[in-house]
Each structure stands twice: as structure tokens, then as C-alpha cells.
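The two complexes that follow have chain A in common; it is paired with chain B in the first and with chain C in the second.
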Partner chain A sequence: MDLNDAVLDRLRHVAALPDLTGTRYELESEIGRGGLGVVYAARDRHLDRRVALKVLDSTLAAEAQLIARLEHPSIVPVYDTGMLPDGRVFYTMKLVAGARLDHYLERAPSWGERLRVMRRIGEALAFAHTRGAIHRDLKPQNVMVGAFGEVYVMDWGVEAVAGTPAFRAPDACPDRRSDIYALGALLQFMLPLSAPPALRAIAAKAMRADPAARYADVTAMLADIERFQDGLAVEAWSEPLWHRLRRFAARNAVLLWLLAAYAGVKFLLFFLRNL
Partner chain B sequence: MNKILVGLIAGLILGAIDGATAWFTPEVRSAIAGIMVGSSIKGMIVGMLSGWFARKVQSTQWGIALGAALGLLFAFLVALMQHAHYLEIMLPGFVTGAIIGFLTQRTGAPATAKVGG
Partner chain C sequence: MPWGSQLDPDTTMGGPRGQFPSTQLSLLEAVSAGDALPNEALERVSALYWKPVYRFIRVKFRKNNEDAKDLTQGFFATALEREFFARFDPVKASFRTYLRMAVERFAATEHAAANRQKRGGGIEFEPVDDQALTTESPEEIFEREWQRQLFALALDDLRAHCEASSKRLQFDIFEAYDLTCGDRPSYADLAERHGIPETSVTNYLAWARRMLRQLVTERLRGVTAGERDLRDEMRRLWT
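Showing the complex of A and B:
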């Protein structure tokens, strides 16, 4: 048999597949490539269920340990960790059925839905920060939206991850504020061009070059998004007077209609009396 | 501030303002003080009942509907006592009641659940 390019590629592919001999897992297919490894769909023979299995390029299990510490509804739970015969570390986690955030946005979800997803991401991040963990590589490819609207933040980074340029803060030492920058970049990514200036201002504040000028924490940023959703003024934007009046009118539309109805009734009666 | 108090205050203020508009009707201008007091009392009764309702049912639509209905009912009773000015009393009373109903739904603290036995 000739060793043409296709055969060589196939051999390379097979050789790169992890050897799961001696583990309880059976390899199914490759799902994607993350910061420091490759993720596969696998079957857990003991529990007869499908899992996501990530094989790390390094021998460090820090990533698995980091995620295992973070028990949150929007963070994919780690089930198990182990070592392959070649010394590489792997861990298994819940296999999320859904769409990556960038693919999910192609379905043009509503405003409310986009902001709901944004808040779920922010809540996961805020929780991780309280546990002393930072993501380091937040981007649309690392967020999954499940079939029932559940949101998962994935691929939590370790020291070696530098981040993705469009979502990476220009900070010398990545910290919580770098995650806030990435969250702002993610919000900007999720907003269409027609987005209200208040929302754009929230993203811009989170993405300021000076970390001290960004939101103090993720909770403060989420509170600003919530204020926007409640029709209140946001901290990130000093709105012009006409915009403030428009927001007041939108927020108090029913009351203004009732007052207008009262004035209308009074004027009607006045003119009827003077006919 | 609880919703019944909100209703009482809103009813008092809106009732007084509604009564004060009688100044634009020359034939009743001399009795404006009495009209304002009567209108304020009517507003306070509507406000109190709307506030009580708002503590039980949290619905802006139903709050407006009940406020409007109560405003109409009490305005009708006032007009009945006068045997005159039915339209001038009932129409603004209806809208004022709706505003009071709205305000009791949107402002004031809801009833707190009792704890313990």
C-alpha cells in the first residue's frame, strides 16, 4: 500500500488519539481543542453515560483541580481525573449538549435572552473570583448554551494560558480585572450595532485600558446591566437630558397615559360646558 | 410605607387636586372648599381600598381596574347626592381612581408574611 498524504494524515490522527487502556472510558470523537489540551466525547463504561474527556498537553492536573473546586450551576462539573499510559493527565466532565455562544448568537436571540446569558456568565465568573480563581481566557468559544437555556463557562485557564487577543486585557499580570475586561469584550461581541449606548458604555467601562478604571468587580458590572434592564440610569454612562426624559417616559408610560387621560377628560368637559 | 398609607396619601392629594378643578366651573366656585374636602375624602376611601387590594393582589392591570371601578362608584354616589353634574363628577373620578389604583400597585411595601405561631 502506498503511503500517500491521506494515509499519513490518518496515521497521525490515530497516533494522536489518547490511549484510554486501563481507564473506564471509551473514546468516541474529538469535540474541540481548548487552551491546554483536546476535548473528546467519551463513554463512561461503569456508569453507562457520555462524558466530555479532556486530555491535557501537560502533566499538571491544576486545571482539573481548579474546576473541581468551583461548584456552580454555570460551571461544568468535573467527574473524575486520571493519567494516561503516556503520562498525560486527563479529566472527565459533564458533556454539555448545546451550542457554543458564537454559534448560538447566529440564531439572533432577543435582547432579554442575550442579557440573561451574559448575566449567567457573569455570575459564574463572580463566583469563581470569590474562590480565588480567574478564568484567563473568557471568549465566545468557551461558553456553551444548552438546549434548555442553561449556560456553562468552560475551559478555565491555568497560569500558562495567555488568553485570546480580542478578549485579552492589556494587563501585565492577569487578575480578576483582566476577567472583567474579557467579560466587557464578550458583552461587546454579543451586542449588535443597534445596541443602546448605555449597554455599549457598560462594555466600554469594563474594557478600559487602566484596570483601576474598570468595574471594581463582576458583581458591580452585573448590577449595572440589571439597572439597564430595569430602565434605570447606568453607572457607566452619564446620559444626556433628552435620553433621561425618554427613559423616564418609557419607565412611567402607564402613569403618563393615565395623567394624559385625566387632562383629556378635563379639557373635554371644559369644552362641552362652553359649547 | 405600606400600600394602604400610599393609597390614603395619593387619594388625598389627587382628590384635592380633582376637587380644585371645580374652580373652572363658575357656578360651583363658591363651594370649592367643600368640594375639595369631599373629593379628598372620596379619594382617600378609594385609596385605602385600592391599597388593601394591592396588598392582596399584585397586578397593575387589576389595580387600575379596581381603582377605576371604585372611583366611578364613589363619584356616582357623590353625584347622586347632588342630583346634578353626573358627567363632570363621574368621568374624572373614574380616571383619578385608575391613577390611585396604579400608584398603590407600583409603590409602597407589599404585605409581609407573618412568621411563627
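Showing the complex of A and C:
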């Protein structure tokens, strides 16, 4: 049988579809390709609900076990794991309805909203680090923002994942600091060109080539972002005097207006008295 | 310009395609089972690799049909004589890569020897004007032909299995839907054509695709060096 390229590609595609015979799931459609596997939408017949079903390219069951250990509002919960007749491992998880972070940013969300999403991502990462897990491949394509603003960090990595170049730290052995680098790269990605220098400095500090020069942990980085939002000086940037004055003015605007009003009234009274 | 548009037609050789394969030993298992590779294992290798090797030689060394056929036959004959398979080390490379590199060495040596005899030394290629122009490298063509041959063999296995187990209808539906070159018929069209419900059409299709995957896996198992090599090759095939 002679196969032309189009038929061959179709056969490669259909033959790769997971055989879910004997499981409680029915395949619906492919929804994405991630680190070492393909994600499909499927229906759980027992519970009559839609789930995301990820088929791993090899026997990397460790990925499912890793995620199942991480119970956090911003980490997609794993429901079930199993093995296909051909030996591939799969796991099912909550099917998140929403937009990938890179698509979400195309809607030009506000400053506050961008930083809220950033902090949710950071919190998930900080939690995972306390459980001894690292992500290894944090990038916009691995973050989902749900219809109600919920944020999910997905595709938690296994050792075989090398990371994505623009978000990958130049570290020989990936560890928590490599995730901090990726978080900095993600912050930089989320910032528009008009972003304040303090925020850019936070991203730059997280992305230092020397891991020791980055933030000690994700919590420290989040604290710096919070300081920025509160109008305080950030650890990552020694700001010039005029920046400090402007920030002081912004934080104490009411007080300064009252002082100005008081001075104005005093001046007016002085002026009237000397008429 | 597609490959082969300026070449003389390809050979129809390539060894007979096998019947429905039983569960196959991996190459390493077959090698370790005896001093020489059993004929059945050799047939598996040449059935899958004859065509990719032939096309690789045609493009890489710009050979005409007859010369490429001779070199391909020569390669497989020499490989068997020199215990080529026993020297394969799965730690260093996949069997497919090992075989392609061996073909390259063999064909380069033969090509150089032929040129020395003809012109007194040095490798001289035929003028490029007479050869096919392609955007794909010879290595990519080898890989593509390997995929094509693997699926062609698995499809033959599937057809044979369907005929042997009275599942000709399942194959016909699969052929009409997944193997057609032009517009695909709808499920409803197929249901009407064969006088069966649409749900049967989708079930038959799902069954045939599942079987095809199994058969591809079995074919691959016979030419890989164990589970790890098999999984690596499957990953390369699906993605």
C-alpha cells in the first residue's frame, strides 16, 4: 500500500490517540501538547463530567505522583492515574475553562490584575517548593487564568524536562532558584514597556545569571512585589532621590494636600492681616 | 519540487510484506538467543528498512535506480556477513540511527571505490542537474521513508488480520475514512453506504485505529533494542 505524505500524517495522528478501552473515560479532543505528553479533553462516564486527560510519552508516572502531592488552589488537582494498553501512563485532572496566560495578556488587563495573577503564580510555586517539588518549565503556556479569575499553574515538570529557552535559567542543575529565574522571566513577559523601573528591577534580580544573586526564595520576591504595590521601596532597586520623593508624594498625597491647604490659609490670613 | 520528480522510477523491490505478526522479540533478544540473527528477525529488518535505505542512497549519493538497488542489496548482504547486528550497542544510538550511519559508511566506501576504478581516484558525484532537487535532507528522507514503510507494513498486517477474522467491513470503513486522499466521507455517508448505524461506524473506526497502533508497535518491537528503544521510537513516531 503506497501512502502519500498527507495520509501518512493522518495515520500517525490517529494511531497516537490513546486507547481508553476498559477505562471510565471517553476521548473527546486534543487540547494541547506540553512537557513530554499530550493533553486531551475526555468525559468521565462514572461521574458524568469532563476532565483533562494527559498521556505521557513514556512511563513517567512520577509526574502524576508529583502533582497529586501538591494540593493548592492554584495547582490543578489530579483525579486519577492509569496505564494505557500500550504501556503509556495517563492521568486525569480538572479541566480548566479559561485562557492561557499569553492569550489572557492580549486582552490588556490592568496593572493590578497582572500583579494579582503574578502573585497567585508565585504562591503556587512557593507552596510547591515547601513540598520539595520544582516546576522546571514555568512559562506563559503553562499558566491558565480561569473565567472567574482563578489562576492555575500546570505541567509540573519531571527530570526529563529541560525547560523553555526564554524562561530557562542558565543553571547546570535546575533547583528552586531556577524556578525563581523563570518567575522573573514571566514577570518581565507580563510587563508592558511602560512598566515602572522598580518592577523591572524585581524581574531583573530574579533573573540574575548567578543563582546566589537572585531572591533567596519565591516568598522574598513576592514580598518585593507587595512592597511595590504598597508604594514602598523595593529591595531590588536603589532608587534615585527624585524617585523617592515622587513615591513619598504619591503615598502621602492627602497629608501633603492638607499641609498645602493649611499653608495657603495661613498665607491668606497673614496677607489679610497686613492689608 | 517534490523528491523523485526528475528521477527514473523507484524500484518495486523491498521484500515481501509479512503476515500478521505474532508478538515479536526485540532485536537484542533475537541476537542474544543465538550466534546469528534468526532469518525471521532479518526479514523484519529488511522489510522495514530496505526502502528507506534505497531512497537514502539514491538521494545522498545521487544514484540511479539500478545502482541504488545494487548498493542496497549489497549493504544488506554485507551487513549479514559481518555480524553487523551483533555489534549494535543500544547505549550509543537507536538501531535506526546505527543502521543509517552504517549505510552511509558502506555506500560512501563503495561509491569511492567505483569512482577510483572509473576515473583513477576521488569521489565524483553525478551532475546535480540530472538529480532530484529536494528541500529535505537525505536523513529526513530516510526518516520519512521509515515511517511510511512502517505504517505500510502495519496496514498490510491490519488488512490480513481483518480478512482472517471476518472483519472486512471494519477495514473498509477505516480505509474509506482514514486512508482516502481526497475529501473524507461523513460518518452518515459511510453508515448509509454499508447499511449500519453511525455509532457502528465510529466504533469500527476506533477499533481499526487501535489495532493499527498495536500493529505498528509490534512491528517496531521487532526492530528495536528493548523497551526503552521502543518507547523512544514510538515517541518520535507520534510527535
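Please note the rule applied: the second predicted complex is superposed on the first by the 267 of 275 C-alpha atoms of A that agree within 3 Å, B and C clash if a C-alpha of one lies under 4 Å from a C-alpha of the other, contacts with A are read in each partner's own complex, and residues count from 1 in each chain.
Operating definition for what follows: contacts are C-beta pairs under 8 Å (C-beta built on N, C-alpha and C of every residue); 3 or more make two chains touch, one makes a residue touch a chain.
Source: prediction; values computed, not measured.
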Of the two partners chain B and chain C, more of chain A gets touched by chain C
Contacts for A:17 in the overlay, against chain B (first) and chain C (second): which applies, first, second, both or neither? second
Give one of first, second, both or neither to describe whether A:262 is in contact with chain B, with chain C, with both, or with none. first
Regarding the shared-chain residue A:111, is it in contact with chain B (first), chain C (second), both, or neither? neither
Look at A:248 in the shared chain and tell me whether it touches chain B only, chain C only, both, or neither; answer first, second, both or neither. neither
When the two structures are overlaid on chain A, which partner does A:270 contact: first (chain B), second (chain C), both, or neither? first
Determine where on chain A the residues touched by chain B overlap those touched by chain C, and list them. none
List of chain A residues in touch with chain C within their complex: 1-8, 10-12, 14-17, 19, 21, 33, 57-59, 85-87
Enumerate the contact residues on chain B facing chain A in the complex. 21, 24-25, 60, 64, 87-88, 91-92, 95-96, 98-99, 102-103, 106
Chain A residues touching chain B - in the complex, by the definition given at the top: 254-255, 258-259, 261-262, 265-266, 268-270, 272-273
In the complex of these two chains, what residues of chain C are touching chain A? 144, 147-148, 151-152, 155-156, 159, 178-181, 209-210, 212-214, 216-217, 227, 231, 234-235, 237-239
